[in-house]
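Residue numbering begins at 1 within each chain, and the chains themselves are lettered A, B, C, D and E in the order written.
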């Protein structure tokens, strides 16, 4: 692993090691017509950390994720990926670079089974061409089996064996969220962006989800960017937190620092926390 | 047909089947007293949404059918009514997953909420102002197309839209989902407010058990298409099982999400 | 089964061309009923069955396959597209095709197209006569030099058939041929008629079918093109084509496939008396004798006569097979006496086929719409064999080469 | 419990990736194919072959192609007829212009030509979607209608614009009788159906479906929309093109552009929707429904009329056919909006539960 | 010059007639998200009903008052269109709430078949005529200004005016009234619309009625132009490029689209056609629409296609 000594602020917590800055966002501004979704936002993400983004509704959190994985193109600002500036970025290129994500309004492939949904996540790693696939000859078949094994690991990991073959459209919301996560995981990403993965879950399910996230982080060393409104979750599992409000950054630091930041309390947390 | 039924809304032993083959509700009964807030709790896939749809008659569009049991609202059987009839009688559902009209602006969305009202323009404007007061964020975004607003804004819009109908009974499906903590509190405050001031009753399906039980008068816990526990909200909140599985509180108070054991056995009431 | 001669009838009574298909079919059926009322073909009763094609080729092929199995001995597809498809199948199934007034023009050459019978006329005949008729109005075809003739045609094989012949004639006489295709079904012709208004051709030939015809006439009226200068093919010269235009079509002329509207002919009177008055009429009574009704009637008569001719050779009073009927059609000899005897006096001229000539006649007249009815307005014409023959031979040979068909020799013909 | 899958356990992923994971299905379909290849030739008469079975097979193949594009990739097209035409005319030109061109190769090349144009006309799909795309594909349809009618080269300068093919021969097998033609088509259809099934259960099929269900999400997980959409257009047009060649060469023998008119395009789309979008089986159901039902009605109605003692006129039959056909479409869609294939699988599910409800 | 103007005018007026049919599509799509392929059949049935009712009334009353016959015809046809709308809602749409676009489209196809069959059964499949007293002969104007003058077709001109008025009214209705808003909501999300109490049933009957009346107007105009007969259904095919060019959801789009397509196809046919053999107007219209879509995928005035995660 890379040298973790350059004073990663939250390194102490949980005893895990953080690496270098993997993604550095500099002065990002994003506008939609008159709506300023993001204004001059800078922050960075280090390898292996769990980075949370919080903020009131409409603060621009989801937009931030969309910028990171190339769905939105900021009018201003630079994104450095592993020290290199990312130029024009389309979502599928971001995927190639190892950035995966889940969606706030679940964006699963409704007509496909759980297994197929997760299999699509393996797409980038499948190499057989169309003809081989059409004829289903050796290579294509072996590849399919090999990836299927990977996917089954993920299915086991997320404990969704029983719904493997169900069409995702008919699943309850919470399970859909889990499949969404599975699909992203199947990409074996370096950076995993999670947009409110725990919305619509009860505590028990949230606990499960947290466990998955932490396990992913521990077992695969994946860097995780997390948007979540449940402060209990955010404060417990994240290493560093960025706070946005009306498209502006109003806080950045460890959970404790953020929790005590007066701006953040006013804009978002309220006094209850 | 005026059998004195103390319940405002009563759901009697309903069974729901999707697509002719998938049996989802296996005999659910519950009731809502006038002017009360009733919480419907339960894990993913327990059937909360389905129950609400059965009440508001929005099952048809999902190819679901109520095959047994009955639903009575103010003593009237309502299974055969259209959703629009129900709205006219004051039963409005806020659907899970927002379902705003993407091409309409926020304000147009809200105004469609008042479609069934006949009490005049001024009254509608008044309610609109009230909704804007509840959700100032909506006011600033009033002219954006709903599809382009953030998830939370859409959730507010959906709730606001239901309030525009001046309902008697609101079926709230996961109102807190995707809302910032402050707003969640606000939404429940609004619920409480409407409940006390205007005697609007609420049946809310909610995952955020903690908050739900705090505001509700009565609660039902569903699992696997059945009601497995019911009781006054206060009692439920202190029930040990509920505490452990729905509130995440074990003997020594809330545990950190970081310290969850990897393998636990969960107690099931039924299976 | 009982000894009945079976006649399949491919018709279209619905869809875009129903208005034209209906009277044709009614005439066809009524004639067969008349034959039965008169005792059948030398005592052989006729049975028949309709099948709806909707003017669509694949439906037509399906009808053909279905009805041929029931003992059909002659088919009349009533659609150029279906004719093309059946031309491939008929030789295999040994069932002759009658395409009276439509179909492929080169199929006149019976030594190549053994099973096709474009009786009474092909589009090349029509085109040839059309030019003769227009030429006559200038005192002879030679005076056509420098004139401009526009062909407004249904953009399909049907509409395209006359083009080679017209081009040939244009070369011969030095007139200018302007081609203006109209897309199926022909309801939008504004651009076409604007072009006509701009270029002011001396004459317009109308090669349409169904709604295209009335639309053309209406557009002509709307753009002020004189209807007197318009000449239609025989599929553009019936009541449905002008009825809805009424006075707007006054002066418009069309070729006839020998007959026009013949309410006073004997055969029509027979039908009224022996079929309609017995309550067995197929369509409305006032339609009997109208142009397309007559076309159907005559088509049926040709089929029946083919059978009768076959019986002459293979045994009177017997049911003929497809092959036998083919022989009959190839040796058809309807002289004027015979036609008159059958009630076609004044309606038709003699038809005589042979191995090399499957058409049998190329008599054409012109009739004109006077605002209420069609009136004959010309003498009899015949297509010019000097123009027609080489073209037919050429095209037939090309087809034979493509298909690897040996032209029948004189001996084979004699069989 | 007729339809019983208990006790069928899969022990490897290979087994689980089979085309039919349930033995009954597998035997049923294999049996069906065997019956089609061996039994049917003894049972059916010429009419059935020429007027029903051959058109059914060919159109099922075309519907399969359309289904790959519409059902699997979600790109609604109304230009299928055009691609059939391209396949047919290209194959025709290969046959006429290249000496000694083998029939099967010409047909496949026809398919390739169609695939090429498929890609070309698929380009708008990168920007235009849904119904807009559907209507836009009509541009391909009308352009092709026009070109084949008007550009003499395509029809080898045939005066009438109608072309016909000479003898059919493949690998020394002279295809003459209806049975032979039927078997020839059957081979194509089975082979292509297998290809289609393979593609749809492999990565490419999942890419298509992903694009169909949620294109932005698909892109986010690394699916290139351009590749997925254009490959769907290419593959689908290839299938349709081959079907077009079969339609012209084997079914019609001689054809004019009207054989591939916009009506055909609509017809193919109906087949897919009625049969079931995103289902191989559905393409067959749809083709059967649309090809066979009108023919059946056409013959059944007079019979029915005869029973109650009325003779129904041809026009009456046709109108009734329209009405009944339309009503049945409506009826089936109301019963199951996802098409006959879904209805079939629900029936199977019920059988599985039978005799115990739920 | 005179000819160019004539071609333009011809195009504009044909365009207006296309708009009228396109309008039917737009109305139903906008208000229910259904792409109504039965629009062509509705035009046919409306025109057939109109033609036959006036014919029968003439026969029954023995009179030959054009006015009376037409009034009876219009009323009769209007009733027929209402029955159609009500039946369609009651027996079809009601059962298909919240289904996908493709399913709904297919179902309208079924409706088209049924309408075509029933229409021809009741009203016959011959050619009938509608005579609302539109003048048929051309007038030549501006003879002083331009050589040969400019020929204008009065019938087309009146028809175009009528279409314009209709479209104008409907635009206002959709954009400005609360019913219009509700209709747009239904198109976005059937279920959500139900949940706020919009009665889908009633709205659908209303919309289909309005679309039926639009079809009636289109049927009268087209029918008096080309005779009432089956081919009327094919007018729908010519209106499709208009619909997508203008935008599926835009009433004014239907007008502008119609004008553009009308002019474009006539000019292309007249000036380009002769070089390539003619008959290009149909595909030219579609290609034109396609090109516009490449730049504006939602058509000129359509609502922006929302595409976000």
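The rule is short, and it goes like this: a residue touches a chain if its C-beta (ideal position, glycine included) is under 8 Å from a C-beta of that chain, and two chains touch if they have at least 3 such contacts.
Predicted model only: the values in this text are computed from it and were never measured.
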Moving step by step through touching chains, the smallest count that connects subunit B to subunit E is 1
Per the touch definition, the chains contacting both subunit C and subunit E are D
Nearest to the mean of all protein Cα atoms is the Cα centre of chain D
Between the Cα centroids of subunit B and subunit D the separation in whole angstrom comes to 46
Cα centroid separation, subunit A vs subunit D, in Å, comes to 42
Cα centroid separation, subunit C vs subunit D, in Å, comes to 37
Residues of subunit B that touch at least two other chains are 148
Subunit E residues touching 2+ other chains are 120, 125, 277-279, 282, 308-309
Residues of subunit C that touch two or more other chains sit at 13-14, 18, 22, 155, 181
Per the touch rule above, subunit B residues touching subunit E in the complex are 56, 58, 60-62, 82-88, 92-95, 99-104, 108-109, 111-113, 115-116, 145, 147-148, 161-162, 164-165
In the complex, the residues of subunit A that touch subunit B are 14, 32, 35, 55-59, 62, 104-105, 170-175, 196, 199-207, 210-211, 214, 229-233, 236-237, 268-270, 272-273
Touching subunit D in the complex, subunit E uses residues 35, 91-92, 95-96, 99-103, 105-107, 109-118, 120-121, 125, 237, 240-241, 243-244, 248, 276-280, 282-283, 286-287, 289-290, 293-294, 297-299, 302, 305, 307-309
Per the touch rule, the subunit E residues reaching subunit C in their complex are 3, 6-7, 10-11, 14, 120, 125-129, 136-138, 151, 153, 155-156, 225-227, 229-232, 234-235, 238, 265-266, 269-270, 273-274, 277-279, 281-282
Subunit E contacts subunit B in the complex at 97-98, 178, 181-182, 184-185, 187-202, 249, 303, 306, 308
